[in-house]
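Common to both upcoming complexes is chain A, partnered first by chain B, then by chain C.
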Partner chain A sequence: MLPKVKNESDHNQQPVMTPKQKEPKKPKPSKFMKGLKQWMQVFPFLFLGLTGASVFVIYPLIKGIVMSFQDYNIMPGAESPFVGLENYAKAFSDPAFRYAVRNTFLNTVVTVPINWFLGLFFAVLINIQFVKYKITFRTLYYLPIITSWIVVAFLFRYLFADGDNGLINYLLVQVGIIEEPISWLQNQWTAMIVIWLFHIWKTVGWTVVIYLAALQGIPKELYEAASIDGANGLKAFRFVTIPMLGPITAFVIINLVMGAFNIFPQVYFITNGGPMGQTEVLQSMIYKQAFNNFNFGYSSALGVMMGLTIFLITLTQQKKLGKQRFM
Partner chain B sequence: MKGNIFAKIIVYAFLILGLVVFITPFIYMVMTTFIGDAYSLPRPNEVFTAVPNLDNYETVWNKNNFFRYFMNSLLVAGVATVGSVFLGALTAYSFVRFTFPGKELLFRVFLFTMMIPLVLAIVPQFTVIKNLGLVNTYWGLWLLYIGGGVVGSTFFLRGFFETVPKELEESILMDGGGNWTIFRRIYLPLSKPALGTMAIFAFSGTWDEYFVALTIIKDEAMRTLPIALMMFQGKYASNWSWIFAASIIAILPVIIIYIVFQKKFVQSGHTDGAVKG
Partner chain C sequence: MKLLNKLIAGVGISTLLFATGCTGGSSETSSGSDGGSKDKVVLDYWHTYSDQEEIILNEKIKPLFEKEHPNIELKLTRMPYEGLKQQVVAGVSGGEAPDLMRMDIVWVSEFAKMGALQDLSGFEGFDEVKNSVFESPMATNLYEGKYYGVPVNTNTKIAIYNKELLEKAGYSEAPETMEQLVDASEKAVKAGAKGGIAIGGSFSWAFLPYFWSLGGTMTNEDYTKFDGYLNSPESIAAVEEIAKWQKDGLVAPTVLGGEPGTWDGMKNNEYLMIDDGPWFYSILGNEEGSKFKPEEATVSGLIPAGPGGSSSVIGGENLVTFAGSEHPEEAWTFAKWMLTDEPQRLMAEAGLIPTNKETANDPEVIQNPIVQKYVKQLETALPRTPVPQWSEIEAVINLNFEKVMRGEMDAKKALDDAAKKADSLLQQ
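Right after this comes the complex of A and B.
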């Protein structure tokens, strides 16, 4: 026997699945009652996720915005007076903030084009018909992505170690590109180069994998048609591959920009902002202001400004995501 | 024909050059772990001629409670993975199969939080955990990992759940099954590759997680591997053989899981939508 209640609820589910039966047989229930019923159905499935997201994502984000206007004190019972825009004003007179903004932008401007180009380049090469061991190449290129940030940071500090014994110095001296070993992490700009290389090396595999999937998704018929029209090799690439990769390229670039903007472990574990805060970036500054200096209000203000910037940069992509169907 | 061979050589040359750049550091790291008594930076020649042995791994494994931290991480990441996949599947199912008032708004709020750097939320997240009295407990970590990750996992799984054919549900409905049965008997089994991929993301993400674990866990015996690694590095700053032996032990589980399952990997739902434009 079927339990009657269940049967009924399933019946009410129907309008969702098949729009044809939208009108219920009973006289129109009030909109409120209908909504309530729908919520009662979805509630057992939704409430855990909703609670989790509300308590650990949405509330903290709102709270973070509020804190940015406060001289926040984490001690229980202590007062956290509102100070208006003071935290924001402070940032603009803070030289550390200027470094952090500059370095975050520089990291984006330098690494995104290189990352994008290398990712596309290797994906296209791996995807060429005659290339064998495609999966092996893909797996090995992806290896840095799945390796822990901390371990890769150790590795880069080791490879770029000062003196003759650092592998990079050793190789560069052997080849004759430099005469003296470089103290990579002791100087602002060489340290920045190490951070950029680290970022590119660690993340380019993602771009390769995404483009490879996109390339494999291009219908073979398009290439066949192009070849009938006399377009082969480079021409097919120009007139078939590039247009077909358009949408995914927007997705890749937005993600690369967000990734580069969110640079954090790259700096925190390699230079920790040094020498003298000159390689600091926004996220490492936000983290340290909060947990090393306990300036929670200031830290939040920096976070809000960064969040707003990312929000504006990614606005186009959001519109696209927002257009997605819900059903 | 001649041009063709020439093209092949160039393509392979670039591919192998790329491989060298990506893989050499790993090889150099592994070679370094074979050196005994590396109390200062080893010379590249020493590294290249090191004889493979596991002495350093044995030393590290038995040193500084490393085994204990390994098990701690396994527990933390294991529970967080199961919890994330379960919660993500449940929430994605709610969005895909049900209509309810406010769904669109909720969806947009979820979407919005994905655009905001979570570093903004880390302090309030900490105060929430503190108010719940869960500082220095794994429950605090699990709640943050699972609850904080629910939005991302929902979006990831939602893309796959949408491809589940609706006709399949009808047979369950005819057999008298309800929403739970549909979830258990259709959505979960049909999305196994996506759930598996999601599980691997969740596992490697929590296995490597450093900053949240550092703020929540105070007790030395409860530390996870990434924190232990940083401490270990601080303690034996110049003994690179030990540091890398410890590092390799720490990254091995994730690498093994990845290599075993990578053929079954599925791309994230985002790309799916983006490709179709």
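Right after this comes the complex of A and C.
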């Protein structure tokens, strides 16, 4: 991600910067011609990418927005009458939607700070000079990310199975933390805890790897200078490490928020929304409305609202990110 | 000029690459569906038969049909059951649906409403086929007065008891009435069983046999109204009775998704009674390395009779033709043929219960005494309400049933609410 952002900003700036610097006296048409010429040169190379993006990203995006105002019928050639805001209005009277919104936000509020903290903590820990086998640790933390969602979801389901036979229950009872086995997945809040744990376990490795890269990018001289100025380890962390990680933190937080909003397999494969739809999240609701109940219009409306929400939440961060220079 | 040439060349190469990419894909699919020779019609058939059933399909059904109809070739594709509905939706919307499909009976009216299926009522010989099969499975194909499929095999669930626990409770035979079942459960639970009645979950397939047998009803006769039926005094009494079992600790944790699962509980002598379809004895009997012998360790019987008699829920599959099929006539020929005596007899070898009345009632076809009980149970078994909105209505009813089982809602309030919501979904 990082080098890509850098390239893009460079690329955007170049056409504006170069003519200004070179010869400000040159007449305007040639400036236009030069821009056009540059475009002509790169166009053949962009053509495929642009086609792909419009077919697979832009068209579905617009189609989804249009569908959200329709009573959409999937059959080719069938009529899909426009129903105005009916799909949107339906959401607000749907109790399942309230649960889905609540749980999606809760997941974000709970997992993003924990994820961020643990990611930073482990990254700093691995990065400490006397820790050996840094690459091994990094790989270990990254391992959950490349494992299959479904396999691990089933593992979690067995780990947290109710009764004495569930491994977690067995351990907790043996150690004496709880008296009676807990029905983890059969109760709302315990099921949510399992989902959150699963989400954190599966994504924390990404945060670790990104922070580890960022930590290794901080120039050693800064720490040397700090120690000459009399800073101990904690102070160096507070006044050197944290400020230097600032830009990366913005990037990490945006991605963690988006990841937390896009929670789907965590819920779909562990509880499938149960018990009584109380652990449903937006993504699983969108999926079920479209592909189990064939309510494509309603499902699109939910999708549009969710997209807008993510956009608004990350907007302030995005502005920051856009202005930043990545060293 | 040089620049322009470069531009043209670049665009040209890009488009060429893109075009070859596209045509490569499409030529592959067209050659696949055309098959080898041109005068033969190839029927694309999606099914979800199990391993053993598929062997019969490939080695007996296909050659037999192709011998009798030399102009038709069957192209069989076994689909995974997981995510199948989504795959069918994608196929239908993209015009890539097969000619024929063996589909879960509860999906037919939903896909018919969507306009995805071919109306079969007008085809030659339809009435004969309709009269030759059982009425209840046939009814699951009905949508707005037309039939969109034919039942190819049927099934239902019966009661299965753990022999050891049943003996501990003082019974040597399977309980015949709900009173006996409750009595046996109480004694079994007292004797240390983890659960008496293992209702498989809080969804319709699991609880409807008990609901119906205890006197409950879903809708009126023509499936147009829930209010007054789903929340009738009899229905409320039925749900209250199940809730009472739950309160008394007779129901196994499976009803709320708890562990152990129904068969695990049965194998470990933890549950007195579970219910399951006819597939269980062939699946469990063929399990490698398993010490559990289902036919020795269990006793089976009809669902115990209550105020509503002994009633179970119908499952099974229908053969449907998609509206986009290019060979509807040939597809109908196969569907019609599949319901005749010989193929039905062949599939029965794998334990599939025939829908053809004559075949099913022939004592030679079904010699296994367990399967005979299923055929007996089918006489009174009922289909889940065959309406296009069923998956949504089911979700409403399941949710309220679960709330009653958890003690969060009383039966009357839950059923009133479900009936109201179900009726408004029916209007859509």
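In this text, the second predicted complex is superposed on the first by the 273 of 327 C-alpha atoms of A that agree within 3 Å, B and C clash if a C-alpha of one lies under 4 Å from a C-alpha of the other, contacts with A are read in each partner's own complex, and residues count from 1 in each chain.
Assume contacts are C-beta pairs under 8 Å (C-beta built on N, C-alpha and C of every residue); 3 or more make two chains touch, one makes a residue touch a chain.
If you're wondering where the values come from, they're calculated on a predicted model, not measured in any experiment.
Q: Of the two partner chains, chain B (first) and chain C (second), which one does A:Gln41 touch, if any: first, second, both, or neither?
A: Touch partners of A:Gln41: chain B and chain C.
Q: With the two complexes superposed on chain A, say which partner A:Gln283 touches: chain B (first), chain C (second), both, or neither.
A: A:Gln283: touches chain B, not chain C.
Q: Using the touch definition from the top, say if A:Thr314 reaches chain B (first), chain C (second), both or neither.
A: first
Q: Considering only touches as defined above, state whether A:Phe56 meets chain B (first), chain C (second), both or neither.
A: After superposition on chain A, A:Phe56 lies in contact with chain B alone.
Q: Mind working out whether A:Tyr141 is in touch with chain B, chain C, both or neither, as first, second, both or neither?
A: Once the two structures are laid over each other on A, A:Tyr141 reaches chain B alone.
Q: In the superposed arrangement, which partner chain does A:Asn293 touch: chain B (first), chain C (second), both, or neither?
A: It touches chain C, and chain B stays clear.
Q: A:Ala161 contacts which: chain B (first), chain C (second), both, neither?
A: both
Q: In the overlay, answer first, second, both or neither for which of chain B and chain C A:Asn232 touches.
A: A:Asn232 sits against neither chain B nor chain C.
Q: Once the shared chain is lined up, is A:Ile248 touching chain B (first), chain C (second), both, or neither of them?
A: In the superposition, A:Ile248 contacts chain B only.
Q: In this superposition, which partner touches a larger number of chain A residues, chain B or chain C?
A: B
Q: Show me the chain A residues, by the header's touch rule, that chain B contacts in one structure and chain C contacts in the other.
A: 41, 45, 48, 51, 74, 161, 163, 165-166, 291
Q: For the complex, which residues does chain B have touching chain A?
A: Checking each residue of chain B against chain A gives 8, 11-12, 14-15, 18-19, 21-23, 25-26, 28-29, 32, 41-44, 47, 87-88, 90-91, 93-101, 103-104, 106-111, 113, 115-125, 127-128, 143-144, 146-148, 150-151, 154, 162, 166, 169, 173, 176, 178-179, 183, 204, 207-208, 210-211, 215, 226, 229-230, 233, 240, 243-244, 247-248, 250-251, 254-255, 258-259, 262-263, 267, 270-271, 273-277.
Q: What residues on chain C touch chain A, complex-wise?
A: Residues of chain C touching chain A: 3-4, 6-7, 9-11, 13-14, 17-18, 85-86, 89, 92-95, 110, 114-116, 253, 256-260, 323-324, 391-392, 399, 402-403, 406.
Q: In the complex formed with chain B, which residues of chain A make contact?
A: So the residues of chain A in touch with chain B come to 2-3, 6-7, 9-10, 13, 15-17, 35, 38-39, 41-42, 45-46, 48-53, 55-61, 63-65, 67, 74, 118, 121-122, 125-126, 128, 130-131, 135, 137, 139-144, 146-151, 154-156, 158-159, 161, 163-167, 170-171, 201, 205, 209-210, 213-214, 217, 246-248, 250-251, 261-262, 264-265, 283, 286-287, 290-291, 296, 299-300, 303-304, 306-307, 310-311, 314, 318, 321-322, 324-327.
Q: Chain C touches which residues of chain A in the complex?
A: Answer in residue numbers: 37, 40-41, 43-45, 47-48, 51, 73-76, 78, 161-163, 165-166, 183, 185-186, 274-277, 291-294.
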